[in-house]
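Can you keep this structure in mind? I'll have questions shortly.
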Amino acid sequence: MNDETNDGRMSIIVRTIATMMLPFILIFSFYVIMHGHLTPGGGFQGGAIAASAIVMMIAAYGHKMMEKRISEDGLSMVESVGAAIFAVVAFIGVIMAASFMYNFLVGTPLFGETPPFGSNPGILNSGGVLPILNIAVGMKVIGGLAAVVLIMALAGDKEGDKK
Amino acid sequence: MWELIYALLSIGIFFNLLASVGLLRFPDVYTRLHAGTKCTTFGSIFIALAVIAYGLWKWYEGDKTMISLAIHAFFALIAILLTNPTGAHAIARAAYRSGVKPAKAVIDELGGEKND
Amino acid sequence: MQICLLNISRLGKEDRRMNPFMIALVLLSISILIAMIRAILGPTIPDRVVGLDTVNTLVIASMLVFGAAKKEIIYIDVAIVYALLSYITTVLIAKYLEGGKI
Amino acid sequence: MLETGFGYWDAIAWIVAFIVICIVVYIIRGFGKREHRKEAEEPFFSGVELPDEKVHVKASNIYWGFIESMKGYYDVMKKMHDGIINNYISWFIFIAVLLLIILFAPEVIP
Amino acid sequence: MSWEVKKMISLFGIALIILSVFTIIPAIIAVVMKDLLACVIALAIMSLLLSLYFYLLHAPDVAIAEAGVGACITTALFIIAIRATQRYEVEK
Amino acid sequence: MIYNEAIPAILIGLPLLAAFITPIINLASRKARNAFVIAVLAIEELLIILLAWHVFTDGIVIYTMGAKNPGIVPLQAAVPIRIVLEIDGMAAFMGLISCTVAMAAGIYSISFIKEGNGKSRYYTLLLIMLAGMLGMEFTGDLFNLFVFLEILSIASCGLIAYRQHADAVEGAFKYLVVSNIAALFVLFAIALFYAQYDLLNIAAIAKVMQYTQLDKIALVLLVAAFAMKCGSVPMHFWAPDSYSTAPAAITAMLVAASQASLYALFRVCFTLYGSLMDYQTIGLAIIIFGLLSMFIGVTMALPQKDIKRLMAYHAISQTGYMLLGVGVGLYLLGSSDFNVYGIKAMEGGIFHIINHAMYKGLLFLTAGAIYYRLGTRNLNEMGGLGHTMKFTSIFFIIGALAIAGIPPFNGFASKLLIYEACYKVSPILSIVAMLVSVLTLASFIKVFHSAFMGPKMHDVKDVKEVPKSMLVGMAVLTFVIIFFGLFPGWVVSHIVHPAVMALVDKTAYINAVMGG
Amino acid sequence: MIWNVPFITVALLIAIGLYAVMFKRNLIKIAIGITIIESGVNLFLITLGYRKGGVAPIYTNLPSGVTPQQMVLPVPQALTLTSIVIGVAVLALMLSFIMKMYQHNKSLDSHSRRLKG
Amino acid sequence: MLVSIGATILCFIIWLLFTFNGSIWQWDEITAGIIFSIIAGAITEKVAIKEYRSLSPKKWLYLIAYLPRFFYEMAKANFDMAYRVITGKIKPGIVKLSPGLKNNLSITILANSITLTPGTLSVDVDEAGNLYVHWINVKPEFFEEKDIKCKCRYVCSTFPDWARRIGE
């Protein structure tokens, strides 16, 4: 084996295609997250796709190089912030004198509209708190899954060296 | 219009079936990759084209939202085109590095390079 | 004693109109079956991965076809997701076989 | 006051009774001869002199006799608690199947 | 084939039967094989076809999730674990 | 007051929110993080006392998630659509246990868990675990039960393996595998219910339940899964492994968590199936589970060398008492004897739940204190700790006497109820229970003798008393034990009896959701 | 009979998974077995929600002439989604435990355990 | 920075195409598109290793001009493949090519083109830009040819030139 593989990088072709596909996958995952209340998908699915993009970069460039660029602490922080947003949104319902998880955004300019029922293209600006919850879940899933894979890759690397 | 779709679909399915048969018939990884990559990519392109043609046709007939069927199918096609050959390359390289030598090979210049 | 799952099944006869896309779906399924034999038989791991790769592409094609058969735009999204992600599986296994650190 | 169906249980009364009995015992103890203990140099109950160094009985030695006498039972138990995850799950599935049989047996066997 | 049976079978039903076979065979392979990497590949195929199954049963939401998770994350986790441990199942 | 109504949601939501704010606060300072966590746990304790008081005086509390008016269940097409929290006497009773143990464990952890990179994550998982337990107890929805069950088991596995010792990881792995399979069984049972009735709400299912064959299969799956999660013999094997290897504070939490599974078991038997079920068969099965748990647990505890493993076997044996008590109640339910002594047996069993959580939590915390100073759990290497760790030994004595059922501590009161009620059914049950109690005392004498008595061992000379926060954590539980021991009558009539009646009275539970 | 094919698949998947968990000594095989059981349960849930001639339960995607009652039931899909999420979390935790155990025991055999008795 | 701006614009275009549904876009779609494109661009900037230059319009035109040719070759490849699958006549071997490309993007384009065109499959590529190609039907004339450029012509007709035009 030459130095290239020991560094944990794959061949030029794989790396180039991975770099080209990264923005494509990311924007698609954001599309899935953002349109979660209109089309199939939502926070978890979009987050899993984005985390897969990061996994792809980890595979193509090796986790050592990726660790320098995205630290696991940063990913954990993204996860915590996402979960905290979710809980805060849920609690605002209680503060507004209604119940937990109350959809308090209905009727407001932000996400306030109600989409018509039936076959229609759908309005992005609808659904009340649902898009916000989708974004929060998406943040949590991106951070969580990417951090899990990164941490496990680092731990497994330590094992591999010992052998 | 249905005739065009039938034609595109049958070409696509023919090549996909061919790919599967090729996978079974060929002797080693590299030749199987030839079948598996080229034919499935080509066949899938035709199937995607059939879907795109269907979408455009329905759009032309007045169903406005059907245009997005065509656009999304187009994106799936681009994704297949980008990823399939790269995946084949990755597998071939991995196979070579993990020690699978090409069967019945008349020449192996890569092995000569690596062994010295 | 009769435990009949049919009582709770909502499955039933589908629309039997001969949609060309549905026929294509069945033919593609047979194609997948043949490709899977290679993935199962494959003497070496790369052989299996080739089978997996082929099955991936065929499944994407089936999804496109089914989406068109049902005239559902939203179903195509799933195909795109698969087209984007199936590559990653291949790359990961290839990387393991190369001996690289994942 | 806790009503048990037959009688009553009151912790406070019990404690009061306990303290009273303790006091009574102490008082009775006070009637004994004080000189006895001082005079006796040798241990009162056993004939053997206690060793100087303090001995601490190890935990595994306590109840040795009990465990030895129930050896057959403990051998079976040791075999059951073998620490293998497959067996844990097998037991679980086995119990579920057993419950299923018990519940369905009246229908199958009239 | 009798008329009754023919009446029951539609193309959708045929697709379901084929897919059922597809999901079971990789599952058996994933359990039986000694090479854990082959098991993981079989598991990936099973997850892929399960996703197609969900898709045919009109659950695109679940199909996307199963695709994102089964195709990528699960395989990545298994491969990392196999790399950190050992590749072949050793039976005594 | 409108916020008064929102207490159930706050009880579940607050730990979740706090769990994810904790890592952010940790960036500022560690002391602030500790204070924050303890404050959250104290608020939880306060809120659960308020809620329990409310429930015990006014009856069942309903909370509908996401509705404009959460106190009322919206009936759309005669079926409750939204997620409903339903807190009856039993749920509030279990909530009291969970919050108290969590508070003690949280205080204890301040100095017990060494500061390091992961301590904020430790608290995150602790709070999630609390939320999981409370969710399991409060929910009125079967699927939520499954979700919280999984949240609980994942968080507790993460905590068991927190120190990453070889043993700890193995215990956590076993617990994870076993509990995940149990959870999948539960999910399958839920799917069977959904297939037949298109419902997920417990009360709604209970109302339309027909006890078909699929329902029987679901019953078997649910009973097996929850019986395993609460650690009854012969599905208890995971319990010693994971209890003995977890950090001590987490073991105390695990005891409370397995009581939550016990609660789920009772909820399934009494509320979900209730009068439809064959009481005698299932009741007898539970009694047999209980007897086996009691006897095998205690006999396996006797020869153990590992102090926490010994206590873990005792946890199994004590779970047997609860199963016995409630099983006798279930066995007699519907017959005329029930009002005479069936209800007493159930009171004993339910009272034993709270007693067990308190004294077993205390015992595990003292074992943790010993481990904190000595660095070992092996009883053979201990000795003479009573000279230096005075408070710990006092707490240990109290816990040991309570678990052995020595008056005037709380264990005696609940055991007395169980003995007397069981004697009426069959004297054998009572005799076995008493024998187990004697053996329990014997094995704790062994622990006390080896660890605290005797000369100061050479290698443990510089052992000091543990830090204050650990003592406070133990003192909280000790206080509860002594209080319950001194006033068992008050506790039974004001807390336990409403819980028992809530469990027995199925129609009230259904009517609270579905309307008269 | 033909419409019970998904249920037979579910039963077989669960049986295969249970076999793996009960009789395979390799720890990674146990993880694979649990994944298979979970797939079976997920498939069961989705199959229960299916309705003949149904359409996907997307709010903005109801074709004209189809009533909401003809949608495939959405609740089992939500349940399955939750179950998948939980499955990933459990799998990640389990595999990291397996890696740690291998580090200590140098073996993937379930018989090489430390805790027993 | 340049890369991320290019990626952002590309992302925005893709977003617009994804959300197009027969009628003109709503303002909210466009706003969300801008926001998420910028986020995706920023993540690309942070995560991706900048190894390719953004494409100039001239190269895009070359790419479009290249596609029909490529498609023709692909069709040829598949009929060739069909012939080989049915008859089973193969004569495989791995040969080395030195097309003399320096840029990563052009090497990638060339390699992927080779993979999809008649009888060839790129197996390995080293850092110097040499390609190792698995050839399913090795022609004897290949070995007699000494000139590197002409060697390439046997395997991949004029693709290196196209790849150079597009990528470099």
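Just so it is clear, A, B, C, D, E, F, G and H label the chains in written order, and each chain counts residues from 1 on its own.
Rule of thumb we're sticking to: contacts are C-beta pairs under 8 Å (C-beta built on N, C-alpha and C of every residue); 3 or more make two chains touch, one makes a residue touch a chain.
Since the structure is predicted, the reported quantities are computational estimates derived from the model, not experimental observations.
Asks: Expressed in steps between touching chains, what is the minimal separation of chain E and chain H?
Replies: 2
Asks: Please identify which chain has its centre, taken as the mean of its CA atoms, farthest from the centre of chain A.
Replies: D
Asks: Any idea whether D-F or D-G has more C-beta pairs in contact?
Replies: Between D-F and D-G, the larger count of C-beta pairs in contact belongs to D-F.
Asks: Considering only mean CA positions as chain centres, point out the chain farthest from chain H.
Replies: D
Asks: Whose C-alpha centre lies nearest the centre of all protein C-alpha atoms?
Replies: G
Asks: Measuring from the mean C-alpha position of chain B to the mean C-alpha position of chain H, what distance in angstrom results?
Replies: 14
Asks: Take the average of all CA coordinates in chain B, do the same for chain F, and state the distance between these two points in whole angstrom.
Replies: Averaging C-alpha atoms per chain gives centres 57 Å apart.
Asks: Using CA atom averages as chain centres, what separation in Å is found between chain A and chain G?
Replies: 22
Asks: Which whole number of Å gives the spacing of the CA centres of chain B and chain E?
Replies: A distance of 21 Å separates the two centres.
Asks: Taking each residue of chain C in turn, which ones touch at least two of the other chains?
Replies: Chain C, residues with two or more chain partners: 1, 8, 13-15, 30, 32, 45, 49, 51, 71-75, 77-78, 80-81, 84-88, 91-96, 98-99, 101-102.
Asks: By the touch rule stated above, which residues of chain F touch at least two different other chains?
Replies: Within chain F, the residues that touch at least two other chains are 173-174, 177, 181, 195, 213, 217, 240-241.
Asks: For chain E, jot down the residues that touch at least 2 other chains.
Replies: Expected reply: 8, 13, 40, 60-61, 63-65, 68-69, 71-73, 76-77, 80-85.
Asks: Given the complex with chain A, which residues does chain H contribute to the contact?
Replies: Spelled out, the residues of chain H in touch with chain A are 7, 10-11, 14-15, 18-19, 21-23, 26, 28-29, 32, 36-37, 39-41, 43-44, 46-49, 51-52, 104-105, 107-108, 111-112, 122, 124-125, 127.
Asks: For a test of understanding, state which residues of chain E touch chain G in their complex under the given definition.
Replies: Within the complex, chain E touches chain G at residues 8-9, 13, 16-17, 20, 23-24, 27-28, 30-31, 36, 39-40, 43, 46-47, 50, 53-54, 57-62, 65-66, 69, 73-74, 77-78, 80-82, 84-86, 89-92.
Asks: Show me the residue ranges of chain E that touch chain C in the complex, using the header's touch definition.
Replies: 7-8, 10-15, 18-19, 21-22, 25-26, 29, 35, 37-38, 40-42, 44-45, 48-49, 51-52, 55-56, 60, 63-64, 67-68, 71-72, 75-76, 79-80, 82-83
Asks: For chain C, which residues count as touching chain B in their complex?
Replies: Its residues touching chain B are 20-21, 24, 27-28, 30-32, 34-35, 37-38, 44-47, 49-51, 53-54, 57-58, 60-61, 64-65, 67-68, 71, 73, 76-77, 79-80, 83-84, 86-87, 90-91, 93-99.
Asks: Touching chain C in the complex: which residues of chain B?
Replies: Where chain B meets chain C, its residues are 2, 5-6, 9, 12-13, 16-17, 19-21, 23-24, 29, 32-33, 36-37, 40-41, 43-44, 47-48, 50-51, 54-55, 58, 65-66, 68-69, 72-73, 75-76, 79-80, 83-84, 86-88, 90-95, 97-98, 100.
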